[in-house]
Structures are given as C-alpha cells and as structure tokens.
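Look for chain A in each of the two complexes below; its partner is chain B in the first and chain C in the second.
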Partner chain A sequence: MTRTRTPGISRRSTLALMGAGAMTFAAPWVARAQAKTIKIGMPTILSGRVAQLGTSSRNAVMLEVEKVNAAGGLAGRQIEMVIRDSKGQPQEAARVARELVNTDGCELMIDAEASSGAFAVHEVARDLGVFCIHTNSETSALTADPKQHIPNAFRTARQGVHDSIVGGSYAAAIAKAKGLKKWATCSPDYAYGRDTTAEFTLYLKRFAPEVEIISESWPKLFQPDYTEVVTKILQAKPQALYSCLWGGDLTSYIDQANIYAMFGQMEVFAVNMADYTALTVVKNLPKGIHSGNRYIKTFPTTPENAAWGDAYKAKYNEYPTNWSWENATAIMLMAEASKKANSADGKKIAEALKGLTIKCPFGADGTVTMRGDDHTLVGYAIGWGTTIPQEPYVPEVKAGDWKTIFELEAEWKKSKGYT
Partner chain B sequence: MTELEAGRAQTLVPQRGGAALQRYRDVLIALIAFAVLASLPLFTGSKALLDFVIRCSAYGLFATSLNLLVGYTGLTSFGHGMFFGLGAYSFGLIMQKLGVPIPIAFVATLAITAIVAAIIGAICVRLKEIYFAFVTLAFQMLIHSTILSWASFTGGDQGLRGGIPRPAFLGINLANHVHLYIASCALLILGLLAMRQIAQSPFGYTLRMIRDNAARASFLGIDVWRAKLTVFVLAALFAAMGGMVMALFVSGAYPEFAYWTISGEAIFINMLGGVSTFLGPMVGTVLLLLLNDTVTRFTEYHGIVLGVVILFFALGLRKGLLDFVAEWYAHRRETGEGR
Partner chain C sequence: MDLDALAGCLSSSACLVTQTTSGLIIGMLLFLVAVGLTLIFGVLKVVNFSHGAFYMFGAYFAMTAYQLTGSFALAMLAGAAGTAILGLIFERVFMSRVYGADVLMQLLVCYAFVLIFDDVVRIIWGPEFKAMGMPSAFQVMPLFIAGGVVPPYYLLLIGVALVAAIVLGIGLSRSRIGKVIRAAAHNPGMVSALGINTGLIYGGVFALGGMLAGLAGALAAPVRSLTPGMGFSVLIESFIVTVIGGMGSILGALIGALLLGLIRSFGSLGFPLFTEGLMYLFMVIVLVSKPTGLFGKEAA
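After this line comes the complex of A and B, so read on.
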C-alpha cells in the first residue's frame, strides 16, 4: 500500500482551523451587528476662524470614544459619532442638531458649539427632548439661569464666573505683595470680554480694595492691529494689566506689544495665555505673564493628565486645547453614567449623571463632579501660574480653592437673581 | 449686465387685457402650491423634509423680497439682511417681554419694520448704484452693532436666550412641528402672492421703468424717490416676515441674522436662481439650501464646493438657473415658430 496521506497538516484539519479562525475573528462583528450601535450627534465649528478648536474637540471625542468602544460601548452598544460642521452660525447649528436627531437617528448629543450656537442647540434640546451635553460654552448663564434649565441638558465646560473668582483672588494676592494699585484692562468687545472683565475686576477689588482701574481698552474681536490699544495702555502707565483676549487675537496682541517692550513695564494677567494654541504660536513668549490654566499637561501634576496629553499628541501630532479636555470629559461622564444606569437611554443617563462624580485626569483632586442642581461641571482643575518661553511653558500652577469658588459662586448667583 | 437688460427690455410689455385673468391664474397656482405643500405631512413622516421647507420659506421670502429691489427696481441693496434680523429680533423680543398673542406680535413687528425701513430708506434711496449699496451696508452694520452692544436688551452676541414662547392662538399651536410647518407654508405662499401682485401691478411696471431709465420716468411725471421708497419699505416687510419664520424655527434670534453675510447669502441666492423671473429667487433658495445641506453632510470644505458652483453660474451660465431656462424656452419657441 502506498501512503496517500502526506505528513503534516491534513486538508481536513486545515479547513477546521480556518473555520475556527474565521469564527474567532467574526465573533465580535457578529456580536456588534446584534447589539445595535448608538449614534451620538455632534455639531461643532470645523470651518472659519475657530476651526482649530472645533477640530481639537472632535479629536478628543474620538480618542475617548475609541476607549469606550474597546471596553464594550454604552451598555453594550458601540458608539458611532456623527460630527458635522455648523460654520459657527447659530441657525446652522440648530439645523444641524435637528438633522442629526431627526434624519440621522442620533439618540444622544454632544453640543460642541461656542457662544450663541450653544444657546441655539439648547433650544433644539428643549424642543426635541434629546439628551445633550454642552461642552464648549463658558457663559455662566447657560446653566446658572433657572430659565435655561431643562432636565436633559448638561455642561462639561469651565465657567466664566469660576475663572473670575480664582483669577481675582490670585491677582489680588500678587497686587498686595507687589503693591500694584493702578490697573488697566484690555479685552475683546463682546459679551464674553465684557462679562469676564467685569467679574474679574469685581473679585480683584473684593480681595484687594485698594486697586483702581485707570484705563480700559475694548479692541474689536478679530482686530488685526493693536497699535492704538498698546500705546493707550503705555500712556496710562498702569502697574498691571488684565486681558481676556484669546487665540489669534491674544498672540497678535503680544507680538505687537513686544515691539513696545510692554511686558517689562507692567505685570500682565492674561487668563487665556496658558493654552497650547496661544503658547506655541507667539513668536517671543515673554517670561512671567500670569495666566489661568486652559489645558496644560503639567497641571494638574498627575501622571494621568500627562499621559492623556501625550496620548493626544502622539495621535494627532499637536497638543490638546481647552476645548479638548472639556469634550473628553463629556464622553467620560456619559460612559460612566451609562454604566451606572446600565442603559444607553438618554433619560436614564441624564438621571444617573446628576451629581455623578468620576475619576478624571482633569479633576483638581483626580475627580470631577456633575453638579446635580444646575447640571454643570465642578471640581475641574483650575489655577493660575506664570509663563516661561519654552516647554513646559507654565512650570508651576497655583491651584484655585473650590471651597472659595462655591461660596462666592452662590453669592454671585444670588446677586443675579438666579437663586 | 447688458445682456440681462436686453432680455428684460423684451419682457417689458404689460399685458393689459389679461391682467385680471393673470391674477386669477396666480391665485390658482398659489392655492394649488399651498395644497400640495400642506398635504405633504400626510404622505411623509420626515421631519427633516418639513424642516427644509420651513427654512425655504424663511429664506425664500427674504430672497424674493430682495429681488423686488434688485431685479425689478435696479436697487442693489447690500444691507437687506438688516430687515431679516430686525424681524426676528422684534418678534422674539415682543413675545419674550410682552407675552402678547402671536398675531399681534406679527403685526407689531411689521409696523416696527415699516417705520425703520421708511427712515433708512428715505436716506438711502436718494443714492445711486454703488453709493446706495454701501449706505445700506453701513446701516446694516449699524443695526448689527446695536444688537451686539445693547446686551441688556438683546442679549448681545449670545442672542435672545431662553426660547421664544409660542402660545396657541385660534387652535394653531406653533410649538407643534406640523402646525409650524403649515403656518410657514401659508406665510410663504401669501407673501409670494402679494409680491407677485406688486410686481405685476402698474406700480410694478413703474419700478421696471425706473430701473431701465430713471430720468425718463421722472420726465413722465413719476415721483421716482417716492416709488423707490415705497418698494424699499415693502421689500423690508417681506424680509421681516422671513426673519420671523426663522425666529420661530430656531426659537431665538441671533446677531448673525443681521450680519452682512445674510445679505450676501440673499444676493447669492438671487444669482443662483436668476433675477429676471419672479420665481428665480425661490429656485435659488431651494438650490442653495439643498447644496448647503448635502455638501455639509459630507465635507467641511463646503466653501470650495459652493465657490465652484457660483463660478459655474457666474462664468458658465452667466445668469441664474431660471433665467437660463426661461431664455432657452423662449429661444426654442422662437425657432419653433420660425419653422
């Protein structure tokens, strides 16, 4: 008899192996097809002047969604993000938000709009009842004003009034130590600039009553030339300057003020300086500018935060922005709330999210909390420090005290007639 | 420009005998169009389609009213968007602060718009061409700046917050999506019909004469300034109607509604659809919104796509779509008759 069977692996066992292999690889796909994916809609600004911030929001969301999906998704359902450009126009934001829910079948919403766009999407959320997290609007009224309150909307962005309280107390301490009495302000001429500056000076004077504002400048938003503003401030000869210019406006302001050697003549407090989009763009970053933290991987000084910043940099080849951490936090909270509710249903997630505290790299003490009574994020890392011209840009950040923030915020709410 | 003018000159023949007949025909078409639009929710449950028609109503009223100025009177206004914004803000503020029934707010908004338009118009319509365009633009920026800086009243750059209350009246509840849809369609059809009547009336032909030769119209005893002012105010009223539909749709009003880009969009719509036919701007509206909605679904580089489209219309067709179709049709008929 001749042996027909060649030594080694038989055809039959090869087939069996292939079959088993196919099953192993197909299993997750089959499972995925069985558990329907959940769509999350996200209108944001992907074109125009602030497109960089919108893109960084999308990047951060995708980074976190990948993690959630790898861990099984929202209550077993894989997340599919549907992200669309609103061009920064509120009527487009409203249209896109409605389209995402009505046509694309999105069951949850991340509203990564700024300013008026966020209020437009808020009305859509009110109208359609869809679960919605506002991630970028820092306007305090969005959650502080009880008229705005709806059970299905939350906010994971920092808040103007929190920034002002921390900034005011930090600046007052320095004003007292260095005897800075004469102050000037220079902020963009629109609601954010006016409100933030007014709140900052309110708290600065509260902690250091001897401070006097001797000059105010209100350059237009996206103004290209700041010469007249710079010379006006220099002529007033203040000892300190406050500014809430941001992004490209802040960097061109600094570049132009550098020509006049402004930063050697006064202490400068620029709340929006410590953001990589500004820090890395300024040609000669002056040493010693005081700034609030926006996103910086060295504050909070935890390995989790540094790792998150590095992971983002590794994936997108640029550093995260202020909007990045705010959007990432939204996904983290959503995933945790869905786990707690054991459901991907918007109503149940909203219920579980109220008062929820989660571990988070951006928390002041390693955790952040979604406050139950006004649906806004608290306990995030907030502080001020001074710049140096190279990495890590802001080596030491002095953390703000959340106990003081809560006290003064409650007082502020009362003064506004919100409580 | 000269080609268009030549085209217009041919159509400048009022059909006197058939005027009443044509009016009945227009009303009939309007009724049929309304019946078709209003029955749409019976056949489809698509909320997106209804949203689309609501937005078409807002932009359609706005763009057609601009055509009363640009196409019929030859007044190229760069600031027409101010009345769109004014309508949205007046209506929203009246509803938020006074809480009156919607029809009263509607009429009050039109009254406010008429007053503002009469004042602005009285200054602007004395000017010609580029000067008129720039002064209207200046007034628009004035209104836009006022909205931004009067933050305690208008909400500044955050817009009117907290939603516009929509109490039910006469059994109509505009908080209901279908009711809002039908009301928008009704406003669109009524607005278009009214504008059509204006365009086809003797006054409408006076406007065409002013457009083609203002000096001659003046010599014939027409008070050119008054005619221009009248159409400026009328156009503002329809633009404000569009603004109100938009305010109801987004349940708010935002400074972007009064920004020059809104005026630019209306001019763009008129270029797309054509200015020498009455329904040109309506066709342009549908085209632009359709383009916008589909293109933004697929790419964030929608600016490039829209730019290419406008280049195609400006350099390729050298006129709006409906102008092109109308001319092609007329040409075909002429050659057909010649055979």
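After this line comes the complex of A and C, so read on.
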C-alpha cells in the first residue's frame, strides 16, 4: 500500500508557517526592515499641563526630519514619523511605545517623555530590543545607573547632575562674592523637585561650605497659589533663594512674589527661568534672576544656534523650548550614525552612535558627543546667567566647564555605587 | 513640624500681620468661588461640579478684555459679566433638564461639561499657560503695616470680596428678591403657585453663582497663571469650604474660607510638610463634631 499525500497544507509546512509567524510577531521590525520608508515611533505628551513641551518636541523633530529626508533620508530610506500622545501617563507611554513597534511597524524610537514615562518606555525598549533615544528625561539614573543600561537605548537630554554641578559652582561663586550665607529653597514636591534641589545644594555647599539652608518650602506641583510660601520665605529673611519650579508654576510664583517685592530682598536662583515658555509669558519679569540655560538662541553665541532658533520661530511662530533642542539633537545624531553605518538598521545605528561626535548648534564648542560608556549626551552648551525683562532675556551666560563636570560626575557616580 | 517657627511668628507683630493678610487673601478668593457653589446648592439642590470652570472662564475673559482695552476695571467686569451670561445659558439649556433627576445623572452632566469647557478654552486660547500681568497701577512697593508686608493689590482683592459678601448677605436677607430666592429654596412649588417664575429665579441664582466664581478668576488672573483645567484645584478646596461651613450657608462659606486661608498661611510655618493634611484634618474634625458643617441646618 502506498501512502499518498493528501492535498492541502502538510503538518510540516503548517509548523514552518507558524514558526515564521511567531518570528514575525516576536521581531516585527526585522520583518519589515526592507520597507522603503522607515518609520520612527515617538510617544510624547500632547495633552494636559505640559502639552506645550510635547508639541515643541514634535516641532523640533519634524524640522530636522525634513532636512534629513531632503538629503536622502536614513541610508536612502525616507523617514516617516509616527507621533502619539501619551497624555503624560507612564502606563500609557509604555502602551503607546509597544503599539508603535508591534502594530505600526516602527523600526526606531524617539522617546519624548518626561522622566516618569521615560523609565516605562525604557523597559519596553529593553523588552523589544528596539533602538531608542530618550530625549527629555533629565533624571541622572536613567543612564548613570548600570542596572538601567541596555545596548539599544541612548539619551540626548541634559542630565540633572550636570546641571547641579554647573549651577552649584555658579551659585557658590556669587555666594562668596556677595557674602550670601543664608539660603532658602522652594521647589515642587515630587521626585524631580526633591532630587534636583538636593543635588544643587550638595554642590553649592561643596563649593561654598559656609552656606546654610535656613528654610525649605515644598509647594505641590501645579499649586495655583503660592502666597503662604512667599510670605514664609519673607519671614525667614534669607539672603538667597533657590527654586526649580517650572512652567506655569514658576510664572505664578514670580507674579505673586513680585507684589511682595521679594526679588529686591534676596538673590533668586531659578534654574528653569531661562526658557522661552516662561520668559515670554511673564509680563513683569524681574531683572537679575539667576537661571540655568534651558534653550536660548543667544547661548551658545554662535550663528548656527541663532539661525536654528530663528528657523524654528519662522516655521512655528514661537521660540523653541528646552525639549526642542534635545529632540533635534536626537535626529541629528541618528542621521550621522546612520551615515557612518551606511544602514538604517537599529543595531548598526546603535553601534555607530557609541562615542560619536557631531557638529551641532547646541554644542558648547560647536559639537556634541554621545558618550560610549553610559550612552548619554555630553559637551552640550550648559551655563547660568541673569535675566533682563526683554529680549535677549539672558544677555550673558557664563558657560560651565566640562572638565570640572566630568571630574565631579565621576565622583558622584562612585558615591552612588554606579562605578 | 516646626513649632518654634510658628511660636516665633505668633509673638512677632510683623509676622502676624503678613501671615494673617496672606491667609485672608487665600480665604477671600476661595470664598467667592465657594459661596457660588453653596448658593446654587442651597436654592437648586444641585452640586455643581462644573463650578471651577466658571472661575477659569472668569480669568480668561478678564485677560482677553485686559489685552484688548488695557483697562483693569473692564477686565474685572468682563470676567464677572461673561461668566454670569455663561451660567445663565448653562443652567437654562442643560442643568434645568436634570433637576429632580438622579444625583448620578447631575454629576455626569457636570463632569461632561468640565471636560468640554476645558477643551473649549484649549481651542480658543491654546493649551499653553498664559499670564495676564499686573496692571501698572498696582506695580508699586508693598505697604508695611506694623512691620508686616501687605501688597496693595491684595487689599483691593480683600475689599472686593468683602463687599460681595456684604451685598450678598444683606441682599438675600433684606431685599424682596432675596426673600423670593429663599422662599424658592424652601418651597419652590408654593412660590410657583404664587405666580413667580421659578425658572427665572433658578437661572438667576446660577448666573449669580457663576458670576462670583468668574469674579474670583478675574481677580486672581494678574497673579496666577492661566491654564485649561485651572478650575479643578480651586473646586476641591471650595468643596472643603462648603463642607466645613455647611452646605447652603453663606456665612458658613465665609467663615470656612477664612479658616482654611489662615490654616494654610500659619500651617506652612508650623507644619510645612502637612499643610494640605491640616485642611483635611480640620474638615474631618468639623464633620465628626457637627456633620452638617459649622453653619449648616439639620435636614428637616
């Protein structure tokens, strides 16, 4: 008796098909890698209180993607951005990130979330192995902590500890020159506010050991009224005040402190003041507030930076934000790494990106570098200056010294047990 | 806990003046929002969860009017009048359809409008935060009273809120309209039978409540940033005020708001990490000792 094959699909081919299907679902970006256009997924915050920052991230990315596409795309493939709203919720950011890869077929990822969402997206990148650049999270641990390290994730945002070192040394120099020993702090009561304030005061006291913190205030995030906080600080009579309030909270605080004439009674250091979102909104901006640079087209004082700020304003009718330059840098780095690797493949781009230095309008010396060992951006323009009520708002910014930053950062990492 | 700072403040006239006025400012703005809420509940028996939106619209109307005219008085007028009209339309077109309906239905309608109003603001004024700016007449050095610091703008703010409280109190207890409103709150069927248009009264009360919240928003606009959804945090505190003072009581709203303001200003000195908690703790104490609130009437 001879066995004849029955028509239809054999068990072996069914198994082969199932296997192929499973492979497709497990690594969909591999299966779609040969498509002509390359999709880049981008979860960000497009609604709620910080929608303005998410929108400015999207704008900056689109501005740069247009240039890359005009120059031929990523290794010959035109970029198509797929941008989704996470509403600022970490679980939604993770869900959107997963969907962008698995359903929309995105092969690369720009994670334009704030810190809470960025850690959630980071886990998705770890799980799926997709190439990912975190563009907005400034929390140092995201790249400093070796437990967070994965070969496919990078960060182009400034880093909290860099800001604190530069801010602390700048403030200490002024404290010494003006004899400011009694300090107060006023920062929002959540992880960013607490951590940033602690790091700032750590370096302030390191450079100026005679400084004493005599009053601390922790208003809620998005608190509408700061009157009791303002009067509490007035009672404490400090010589200087540090605050990392930001956005609408900072502008409310300034308006309310202004009518108590607080700015004439103490030196104020507000790290988030020098961002156009706050500078252009406050109607009666006091002169002489010390602030870290967030994005300002006059620092670094190069024609490239001014031209970039103006091009953004011409296209979107408003100035870029801190999140804008961080996102633009991600596309610039991605394009250069792709050129170097001559590929749009995530793994090859990741390999090429390690230690890559590119020309960039936001670099302290005209270049920025993606540091190879912890995958975070270094060499970006970082400094502090004082405000004036009209453009250019912060006429002179004192640049931070990257050599000092590297030394103290290494020390900080050691103290945290990261190295 | 920093009881030394609190004790130090209580023994210094400068600190007492500064913190008391700071408490009064917080309290009086809160009163304007809460009194509208309590008034609407007292007469219409509806808990208006969308009340915070009127505070928000008041601020945005004032900012726009100020940008267009440069007049602070017109800005305040626009904030108050605009929200009064909005309140009247909202009550006549939507809320009047759910009187007597399930509380859940009323809640759903109000909540839907919280979202709709926030989106309307986003569409008209944009999602980013805005600032109205302090009128130049008030950009002056603060006054120093017994060593304490008092900004002139806040004196105006307290004055306006006080006038509103007095006019409202006297108007409701002495005037004919006030008596009709109180009668409608007590027995709307009988008032209607006497030939009085209760629909008009309901609409008027809602407009008045909206106007007071709008006035609060307009007064706050020069010192607080404007964002879609800004009414929400004010609404929560207003509910605490009405619960402490007693739902439906104007005097209760005034006392409750002032107590809350003072708790915030002195609490931030003595209990810097528990200021919010103090407000809720106070509410719990009042509710346990007098469940209807300080000035609330027992249910008949």
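Rule of thumb we're sticking to: the second predicted complex is superposed on the first by the 384 of 419 C-alpha atoms of A that agree within 3 Å, B and C clash if a C-alpha of one lies under 4 Å from a C-alpha of the other, contacts with A are read in each partner's own complex, and residues count from 1 in each chain.
Here, a contact is a pair of C-beta atoms (placed from the backbone, for glycine too) under 8 Å apart; a residue touches a chain by one contact, two chains touch by 3 or more.
As the structure is a prediction and not an experimental result, all values here were calculated from the model.
Engineer: Check chain A with both chain B and chain C modelled on it and let me know: fit or clash.
Structural biologist: Once both complexes are aligned on chain A, chain B and chain C fit side by side.
Engineer: Is A:S217 touching the first partner chain B, the second partner chain C, both, or neither of them?
Structural biologist: Touch partner of A:S217: chain C, not chain B.
Engineer: Using the touch definition from the top, say if A:E80 reaches chain B (first), chain C (second), both or neither.
Structural biologist: So A:E80 meets neither chain B nor chain C here.
Engineer: For A:N258, is the partner it touches chain B (first), chain C (second), both, or none of the two (neither)?
Structural biologist: second
Engineer: Is A:P90 in contact with chain B, with chain C, with both, or with neither (first, second, both, neither)?
Structural biologist: first
Engineer: Contacts for A:R194 in the overlay, against chain B (first) and chain C (second): which applies, first, second, both or neither?
Structural biologist: A:R194: touches chain B, not chain C.
Engineer: Touch check for A:S47: first (chain B), second (chain C), both, or neither?
Structural biologist: After superposition on chain A, A:S47 lies in contact with both partners, chain B and chain C.
Engineer: Scan A:T139 for contacts with chain B and chain C and give back first, second, both or neither.
Structural biologist: It touches chain B, and chain C stays clear.
Engineer: Is A:D225 contacted by the first partner chain B, the second partner chain C, both or neither?
Structural biologist: So A:D225 only meets chain C here.
Engineer: Please give the least Cα distance, whole angstrom, that chain B and chain C reach in the superposed model.
Structural biologist: 5
Engineer: Touching chain B and also chain C: which chain A residues?
Structural biologist: Of chain A, residues 47, 51 contact chain B in one complex and chain C in the other.
Engineer: In their shared complex, at which residues does chain A touch chain B?
Structural biologist: On the chain A side, the touching residues are 46-47, 51, 84-85, 87, 89-92, 94-96, 98-99, 102-103, 115-116, 119-120, 123, 126-127, 139, 141, 145, 147-148, 189-192, 194.
Engineer: Along chain B, where are the residues that touch chain A in the complex?
Structural biologist: 46-48, 51, 55, 148-149, 151, 155-159, 161-163, 246, 249-252, 254-257, 293, 296-297, 300-303
Engineer: Using the touch definition from the top, list the residues of chain C that touch chain A in their complex.
Structural biologist: 5, 9, 15, 18-19, 22-23, 25-26, 29, 127-134, 138-139, 141-142, 149, 151, 153-154, 220, 222-225, 227, 229-230, 233-234, 264-265, 267-269, 272-273, 275-276
Engineer: With touch defined as at the start, can you tell me which chain A residues reach chain C in the complex?
Structural biologist: It comes out as residues 47-49, 51-52, 55, 216-218, 220, 222-225, 227-232, 234-235, 247-249, 251-252, 255-256, 258-261, 277, 281-284.
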